[in-house]
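Pasting the structures here.
Note that subunit A is present in both complexes that follow, paired respectively with subunit B and with subunit C.
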Partner chain A sequence: MNWNEHFPALLLIIPLFGAFLAPVCSLGGKMARNILLVAASFLTLVVAFLLWRSVLANGIQYYVMGGENFRLALPSGMALPVRIILEVDAFSAFMALCGSIAAFAGALFSVNYMNRFSGQSRFTSLYLLLATGMLGMMITGDLFNFFIFIEISSIASFGLIAFWRDKPSAIEASLKYTLVSQVGSMLILIAAGSLYGKYNALNMAAIGSSLTMGTMEKLALVFLVGSLAMKCGAFPMHMWLPDAYAEAPTGVTCLLVAVSQASLYGLMRVCFSIYGVAMGSTFVPWMIIIFGLASMFFGVSMAVVQHDIKRLMGYHSVSQVGYMLLGLGVGLLVLGDARGMADFGFTAIKGGVFHVFNYTMYKALLFLTAGALYYATGKKDLNEMGGLARRMPYTTFMFVIAAAAISGLPPFNGFVSKLLIYESSFAVHPSLAVVALLTSVLTLASFVKVFQTAFLGPEKNNLLHVQEVPPAMLLGMVVLTAAILGATLFPSWTLSNLVEPAARALVDQSGYIGAIVGGGM
Partner chain B sequence: MGKVYTGFGYWDVGAWILFFAVAAFYILWLRSQGRSDYKKGTAQDEIYWSGNEVPEDGADLTVPASSAYWGFRKALEPFYKGLLGMHTGLPADVVGYYVLTVAVLAVFVLLV
Partner chain C sequence: MRPLSVVVRTGCDLFAWFLIVFGANVIIHGDVTPGGGFQGGAVAATFITLLLVAYGGKKVFSWVRPGIFNGMLIFGLMAFFLLGLMGFPNSFFYNFIAVPHEVVQATGHGVIPPSGTIALMDIAVGIEVAGALSIIVLSMFRGIRLFREGPMEEESGHDR
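Up next is the complex of A and B:
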């Protein structure tokens, strides 16, 4: 048996099996449950890596669920695919790899972090279920299936955000996310149902192959783009995000960063692979660019005035999502214009895709460092911290790396992706690059504040007992630090091996459609 | 390592790392030139805090995070009043902004 062919299914089966096994494993004690959490996350990461390599070597990989042959996308006599199909191109594989790294780091961190609390069996189940939902969103080729995976990840998120049920603020954050998320999911379902009603297909490639723009298609596009932009935290629909990120256990926040990227993935898949050049008007690309600019500027403006460390980082998430929306929106703007795409469009898409990787790594790391501070001091308010660099040198070191990377300081990886976005968006209009640059300056100002108030200055008398966090938590942070330093020291390798294939796959609508509708076996 | 070509120029991480290495070497050299014959336990060894006595607790001499960038916020007070006012935290507002945004987009997309 060739295992390569089964990687797409294995990517979902491993965390899903782990989620259902967690209550049973919990009977064996904390150690067994922690081993399950870390082992399932690690195996998922290994499969994601192997799948990514396999896709780079062999091209788009698909997997037909429930059919007589898992490689038969279009059975003879059928005009359209009827089964649930997982379709993994280089963009999906790249996203799954990013998400799996964050999930593994979060799992490692949670081993010690969650040790003080009860309900770990539920935590492990929901964590792995959230990872399953996230990965499912990234590799499914079916619109209804995408909705199902959104729901799986949303339901797991609701439980995890409200994990500390004795905290009213956690319940409130979860309630807000539940309300807005469910309204969003309903609109996604209406959009999928409308497209199914007209095109008799739920497969993304099949819909993309026959889509022509009409009133229904326009409304479906708005519902999909609006809902997925809300799920990834675009301004002004971002208000659930700082609350949810601040209240969830830190390992979960690390994974939620990657889950928000799964929504961004869905947004890009809809725009590039389903609608593509059929979109016609430039209104939607401009809408995405405006979402990006507003998210960048207003997100960072809110971050500057926060003094709860996790809320501050939550607002930075809104701001960073803006960079990706800007880069990918500029690329979408010139999707049908070969010259524009060659001049700056593809550079913008590369910048956006590279920023997805960078953002997932450094934002996940920043949340983990915030969690480490909370674990060590019991505080989230920066006003109550100070002088912790002496007590927590490793956490400080990793915080500085992540803060420099998110601020776009050279030579860190955040600078490279931002540079690509600045230069390409400048080609559309200089004001776009000005907003992006101003956002970077405010990001740096904000993280200088965090560094100065939490880590520098004299030690506070009530924090003299503080010690560095346990090794498993440090290890979780080390995984992400290594990814940041790797992308920093080897940007051309990262671009040519990770980013460019993903960006190329994203703009190749005919390749994505042809793999399924083109024949099957 | 290598260069990253952006289409408008290039980015060479090696050059920057070389720059940082040279800068770090210079800083360490400069530091090594400092006097090592100061007297420990005397006034030479104490923190200088604008001529005032240094408080025992660090909490008494640090600027809290909520006061950082006070001037920036004061200068942009009208902007921040609007922005913070928008973030009510009410669940109805969270859903309301989403529904309103989608509705506005739908109107524009159908008109364009």
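Up next is the complex of A and C:
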């Protein structure tokens, strides 16, 4: 048996098995459970990496769950694919790689961070279940299964956000997220149901191959775009995000960042691979661009006034998601126009895709440093911290790297992706680039504030006992720092090997559809 | 929560075990009739709910150990997962013991249900759901006790 062929299934099996095994392992004590958490997320990372390599080498990989043969997408006599099909192209593999790096870092961090709390067996289960849901959203080729995985990840995150259930604010954040995300999930279900009613298929490729734009399709598109933009935290629907990110245990926040990217992935998959050129009008691309601009500007302007360090970073998440929406929206705008695509559209998509990687890495790292500060000082309010650079040198170093990357300072990786987005959105309209630049400046301002108040300045008397955080937490941060520095030091390698194949796969609608339905186009 | 009247308790004695039997019936025939693992498991889990309502927490907690439900949960999850894994040379979740239609018509299907792993997975899910929902009900009951700050509402008509 060739395991290479089974990587898409293994990517889901390993974290799922870990989640199921967690209650058993907990009988063996703390050590066994921590080993399970780290080992399962590390194996997932390894599989995601191997899957990414094999997709780059062999093209789109798909996997039929429960088939006599895992390559039997169209059983004989069937016109449409029926089984649960996982479809992994370079974009999915890229997203899964990003997500599993964040999951691994969060798991390493949680080993020490969660050490003093009870209920860890459930924590481990839910954490791995959240990772399963996230990876499932990224590699599924089926609209209904996308809904299933979005529910798996939502339900796991409800539990994890309310992990400290004796804190009323955590319960409130979780309840808010529950309400908002359940409404969103129901909209996705309605959209999937209406597309199924019309096209007799739930497979994204099968729907995409026969889609013609009508009222019902427009309605389904509105539901899908609206709810997925909500799940990734775009501006008017972002109100759950800062609460949820601030209240969840820090290792979980690190994973939630990646989960929001999975929703962004779903949004892009729907727009580029299901609807694609058939979308016809420029209304939806402009809507996505406007979502992006609004998220960028309002997210960052709410971030600069925050005192709670994790809330501040939560608002920055809103504003960073705006960059990706802007980049990918500009790409979507010129999807049917070959000249515009060659001029600036593909650059915008590259920028958006690269920003997904950068954002996942530096934002996860920023949340981990915020968690490290909380672990060491027991404080969340920036005004109560000060002079920590001398006490926590490693954390400070990694915070500086992440803050420089998110602010888009050259030569860090954030600069590269932002530059790609600036120059391509400028071609559409200069004001888009102006908003993006302004956001970047405000981001820098707010992180200078954090750095100055928390790490510099005179030491506070009540913080003299503070020590550097334990090694496993540092190791979790080092994983992400290494990813940032890798993308910083080798930008052209990263762009040509990591980003470009993913961007090319995203715009290649016929390739995505043809892999499943064959000559269906 | 205090025990309810002798009428309710006698009714509970009569009907509680039927819930288990009915739940098991729904689970076992899940592959050929409406229902299935989740539904049957939910029916079976009402057993513990009925006991809690009729007899009150003190008695029920002296009868059952929550660890048992945890065991059911783990067993169900693992059984489901291993059944999925056993299809592996072909694909994950491959139905490796399904009996084809012609064979069932000619010779019958023996002990294994004709739908193969689907029926077995239904049973696994049923066990898992029964355990998990029982845990949820017991946890919610414990949650009620957290908020007992003095008499909230006087209950009457009970013979304790």
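Quick note on the criterion: the second predicted complex is superposed on the first by the 518 of 521 C-alpha atoms of A that agree within 3 Å, B and C clash if a C-alpha of one lies under 4 Å from a C-alpha of the other, contacts with A are read in each partner's own complex, and residues count from 1 in each chain.
Heads up, the rule we're going with is that a contact is a pair of C-beta atoms (placed from the backbone, for glycine too) under 8 Å apart; a residue touches a chain by one contact, two chains touch by 3 or more.
These numbers were taken from a predicted model, which means no experiment stands behind them.
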Just subunit B (first), just subunit C (second), both, or neither: which does A:H6 touch?
-> second
See if subunit A has more residues touched by subunit B or by subunit C, and give me that chain.
-> B
Tell me which partner A:V222 touches in the superposition: subunit B (first), subunit C (second), both or neither.
-> first
Does subunit B (first) or subunit C (second) touch A:G378, or do both, or does neither?
-> neither
Considering only the touch criterion stated at the top, classify A:G67 as touching first (subunit B), second (subunit C), both, or neither.
-> second
When the two structures are overlaid on chain A, which partner does A:P236 contact: first (subunit B), second (subunit C), both, or neither?
-> first
Which of subunit B and subunit C A:G28 touches, first, second, both or neither = neither
Which positions of subunit A sit in both the subunit B and the subunit C interface?
-> none
In the complex of these two chains, what residues of subunit C are touching subunit A?
-> 70, 73-74, 77-78, 81, 84-85, 87-95
Can you name the residues of subunit B that touch subunit A in the complex?
-> 1-4, 6-9, 11, 13, 16-17, 20, 56-59, 61-66, 68-69, 72-73, 79-80, 83-84, 86-87, 89, 91, 93-95, 97-99, 101-102, 105-106, 108-110, 112
In their shared complex, subunit C is touched by residues of subunit A numbered 1, 6, 9, 13, 16-17, 20, 23-24, 63-70, 84
Subunit B partner contacts - residues on subunit A that touch it in the complex | 172, 175-176, 179-180, 183-184, 187, 215, 218-219, 221-223, 225-227, 230, 236-237, 239-240, 243, 281, 283-284, 287, 298, 301-302, 304-305, 307, 343-344, 347, 381-383, 386-387, 410-411, 415-416, 419-420, 423-424, 427, 445, 449-450, 452-453, 457-462, 488-493, 495
